[in-house]
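Same chain, two partners: subunit A is paired with subunit B first, then with subunit C.
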Partner chain A sequence: MELTVHNKGDYTIIALSGEVDLNYSPQAREQILKSLGDKCNVLIDLSAVAYIDSSGVASLVEGFQAAKSSQLEFGLVGVSNAALRVLQLARLDKVFPIHATVEECLGSDA
Partner chain B sequence: MNNALPTGDVEHHVDYAAAPVIEIRDLITHYAERRVLNNICLNVYPGEIMIIMGGSGSGKSTLLRHMLGLHQPTSGSIRLLGKDITRLSEKEFYALRKEMGVAFQGGALFGSMTVGENVMLPLREHTRLDENTMQIMSRMKLEVVNLAGFENLMPSELSGGMVKRAALARAVVMDPKLLFFDEPSAGLDPVSAVELDELILRLRTAMRMTIVVVTHELESAFKIADRITVLDDGEILVTDTVANVRNSDNKRIQDLLHRRPRSEEVDADEYLHRLTR
Partner chain C sequence: MVKGIFRKNTGVVAESIASIKPADLPAPPQAALQIMRACSREDFSNKELAELAATDPVLTAELLRVVNSPFFGLSREVQSINYAVNIIGQRALRNLALCIAVRDTLREQDLGGLDTTTYWEDSLRRAVSARQLGKQAGLDVDDCFTAGLLQDFGLLVMFYLYPELAADWPALRRLDPDNRFAREEELFGITHDKVVTALAKAWSLPAELMEALGTHHQCQGVPANDQADICHILHCADWLCAIFSADDKARVLAHCHRVMQEGFGFETAQADAFFAEIPQQVESAAVALGLHIKLQTDFDQILRDANLRLAEENRSYQELTWQLEKAVRERDKYAAALNAELELAREIQQSLLPRQQPASFPLSGINISAKQLSGDFYDYFLLPDGRIYFNLADVSGKGMNAALLMAKTSSLFRCLGKKIHNPAELLSLLNAEICETSIRGMFVTMTAGIYHPATETVELINAGNLPAVLLHADGNVQTIKAQAPPLGIVPDCEFPLVKLGVKDCSLYLYTDGVTEGHVASGEELGIKGFLKMLWELRQQPPAERLQSIVSRFQTTSMPLRDDITILLIESRHGRNTKVD
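The block that comes next holds the complex of A and B.
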């Protein structure tokens, strides 16, 4: 898995790529919670995710809950088909705010 | 032995060009002096749902137990994810077990633990994930098997179908590459059985699992299988696609598919010997 972080407006965009599995999801979780702890709105870019397992999805769920508790924005962008299938399996595609692109999200938020 | 791969309309989620996830070669097993598995050769490919069928005493459960590393064969090899489990040390097999999920026929839930604790058990045993992450993962899997809200119940408070689904949730909580399922539909009402079949299909697609199902439920087998292996008297009669198995001209296969009892031809001398030896 690769993880990159950059800021755009009021948002921190965390881009995950490759395989987000048991070995790497703790790293994603740590970054998500850190950004939320810094009071940033967070977008997770999943467009380059080839596979995400339940531990990766659990990190997203935990991040979303933490964002709600802190009244921050949290969303997923560019969800790859591989990631979408896993979200659908757990019916989480109806739970997360999902946007096609970062630009679309920021535009709609503006 | 017919161990055919699909041709033509190959399902896209199965990679028949890749190395097999399960590779069994010349497997022979005896219980005492009785040979219960004879020259079993079988490949299962990434993303494949392989159904193992056969009548009672055909050897299908024995074969499953060998794939789970619960029995040592008399001879032959069983490679799972590239590793010959007949030659692995206990420590090496423990590491491989992380990649495998097993849902036993009776559920095999721990009666002294809640459903949630049962489901979370593999995570506690095999990972060092944060407690919150483990809780969410286990609840997600209970959601997937439609047992949301039941995590604080004890197994004894669940119906038979719920126990099976809880066992499945535990088997897949770590998103194993390889899932073994023993008689998933047995004892379930028709609607629950169909739901479980659909769940198995969704798990394969979403989680990229390779799944081996031992069953004698024909309807379920035909619905979810990419290929079917039919065992009889410890030998593989055929491994082939659903269509080819259904259309097989092998009398014993057709007997099994149409639930016809084995013909009662008696060798008088042999019968007498069996009774008097």
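The block that comes next holds the complex of A and C.
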């Protein structure tokens, strides 16, 4: 897995790529919680994710829950087919706010 | 002028050698310079030398004193410069003049208080080492001595240019030549070989000397033609000096033994005898050149220090090895204890699964964990009215945390299920509890429901799990996808109930370890592969069928990626036991 972080407006965009599994999801989790701890709205770019397992999904869930309790925004953008299939199977596509692109999310936010 | 560009922050003071102008460099005593230059010319005459000597009687007296010193070993005393040049030769006189010029050019007060005694001790070590090595190699010993004395003179010039760094000298001289050279670059931004080359140009020193001084850090090891030249002599002399000045004597000695063997064919004992002569030679040379030095440490003491250090390192190494072995033993002990605890936890976890039922019982399940502990579970139990409660679940993640949440969830399900016979209500309660207490985003995907044996129907809820598969006797497949998210994510959500008739059908609940597991082909089974497998195995009795499915994953050499759990609901009327 690779992880890149950049800021756009009030949002921190964390882009994950490759396989988000038990080995790498702690890294994703740490970054997500750090950004939320810094009081940033967080968008997770999943466009380059080839595989995500339940530990990866748990990192997203934890981010989603932490954002909610801190009254920050948390969403997923550009979700790849592989990641979307996992989210849909678990009905999590109905739980997470999902946006096609960062621009779309920021535009709708504005 | 270079002095103005000292930059404290970086420690680098000179931008390049080009920034040092001839006018920045120290000037030698003029008379010495003139004698030196005169002695370098082909058309040199005794008359000219006498005239030059007459201009500086102090220098002349000093030259004669040096020439007559025991170090240079003349058989009789020389009374005049003209006579001296006839006895020792033009070249040797030039060298002596150069040595005196070098000695007199820079004094402690010009160098920011730098300890010149230690500087000259080191320079003399190089000079006498070069002289003796030159003798071995059949080179002009006076040339070698002079080159050795001058080879690090550039460093003294650097301290003259940047006296602010004089405090760095003691640490610098305790490094071996390679590390000292690197450190010079860090401190000054330039190195002494470049500076001494600039100085040699400014002083019009002979070309061959200038080349040797400028390149002695570039030539290492044995010369290509197996003949040590002045450059290699200077390289070795530098390391021989470090035997006495550097901190890491054991390593420097090892290096010196190697270069003495490779460059001069010296065995260790021969080399040690050679090194042992250096302190005495240094003292004689210091007297000859009128340089003040301290009493020299003899080589035996150096050798004892080096051996002591080696012994200490060896002892440290042995202690380290012993500590590592002890750590490994302790790790193994803890690992064994941990494994025993994990085994106990596994047994407890297995005890949470339902006990084996008679073959006529309509529910059967299987759970194989990828590691010692499983994040999957299934359960079923009879209600007083004959209905059967069941569930199959997968906790996110793996390992101890998943196993603990699994134990909690399955216990809650069994305990609450005996009182709450509405699966939707039960899952709402479970969901609220897990949402309230779950940490690190952990959640549970679960398919649960109630089987009615009398009507052969099932009430089912799929909360985030993979689609349940209802396989009809005619091969038709119906899937029941998740209608709600997993437990532990959204506190207030609905858990819609689906009603299914399962007469003559087989209802399979399973976790993703099944569809994502690798089969013999090395590929993931996938949902299509799973359905095909179910159809192929449909005639086997349920328990045997589940075992057959699992064995497909266990025949590959690849370890299980994930826990494999399957729950099968099949009414005894609907089971096809007939073999074609």
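FYI, the second predicted complex is superposed on the first by the 110 of 110 C-alpha atoms of A that agree within 3 Å, B and C clash if a C-alpha of one lies under 4 Å from a C-alpha of the other, contacts with A are read in each partner's own complex, and residues count from 1 in each chain.
Basically, a residue touches a chain if its C-beta (ideal position, glycine included) is under 8 Å from a C-beta of that chain, and two chains touch if they have at least 3 such contacts.
Just so we're clear, the structure is a prediction, and the values are computed from it rather than from any experiment.
Because the two structures share subunit A, they can be overlaid on it, and in that overlay subunit B clashes with subunit C. Look at A:17: by the touch rule set out above, it reaches neither subunit B nor subunit C. Looking at the shared chain after the overlay, A:29 reaches both subunit B and subunit C. In the superposed pair of complexes, A:55 makes contact with subunit B and with subunit C alike. Once chain A of one complex is fitted onto chain A of the other, the partner contacts of A:47 are absent, as it touches neither subunit B nor subunit C. Touch criterion met: A:63 reaches subunit C, while subunit B stays clear of it. In the superposition on chain A, A:90 makes contact with both subunit B and subunit C.
When both structures are laid over each other on chain A, subunit B collides with subunit C only at 530-538; the other stretches in 170-178, 260-268, 296-304 or 530-538 stay clear. On subunit A, the surface patch touched by subunit B in one complex and by subunit C in the other comprises residues 22, 29, 53-55, 57-59, 61-62, 89-92. The residues of subunit A lying in touch with subunit B in their complex are 21-22, 25-26, 29, 51, 53-55, 57-59, 61-62, 85-86, 88-92. Against subunit A, the residues of subunit B that register as touching in their complex are 127, 129-130, 132-134, 136-137, 140-141, 143-144, 173-175, 202-203, 205-208. Within the complex formed with subunit A, the subunit C residues making contact are 394-398, 440-443, 445, 463-467, 481-486, 488-490, 512, 562. Only residues 22, 29, 53-55, 57-65, 89-92, 94-95 of subunit A touch subunit C when the two sit together in their complex.
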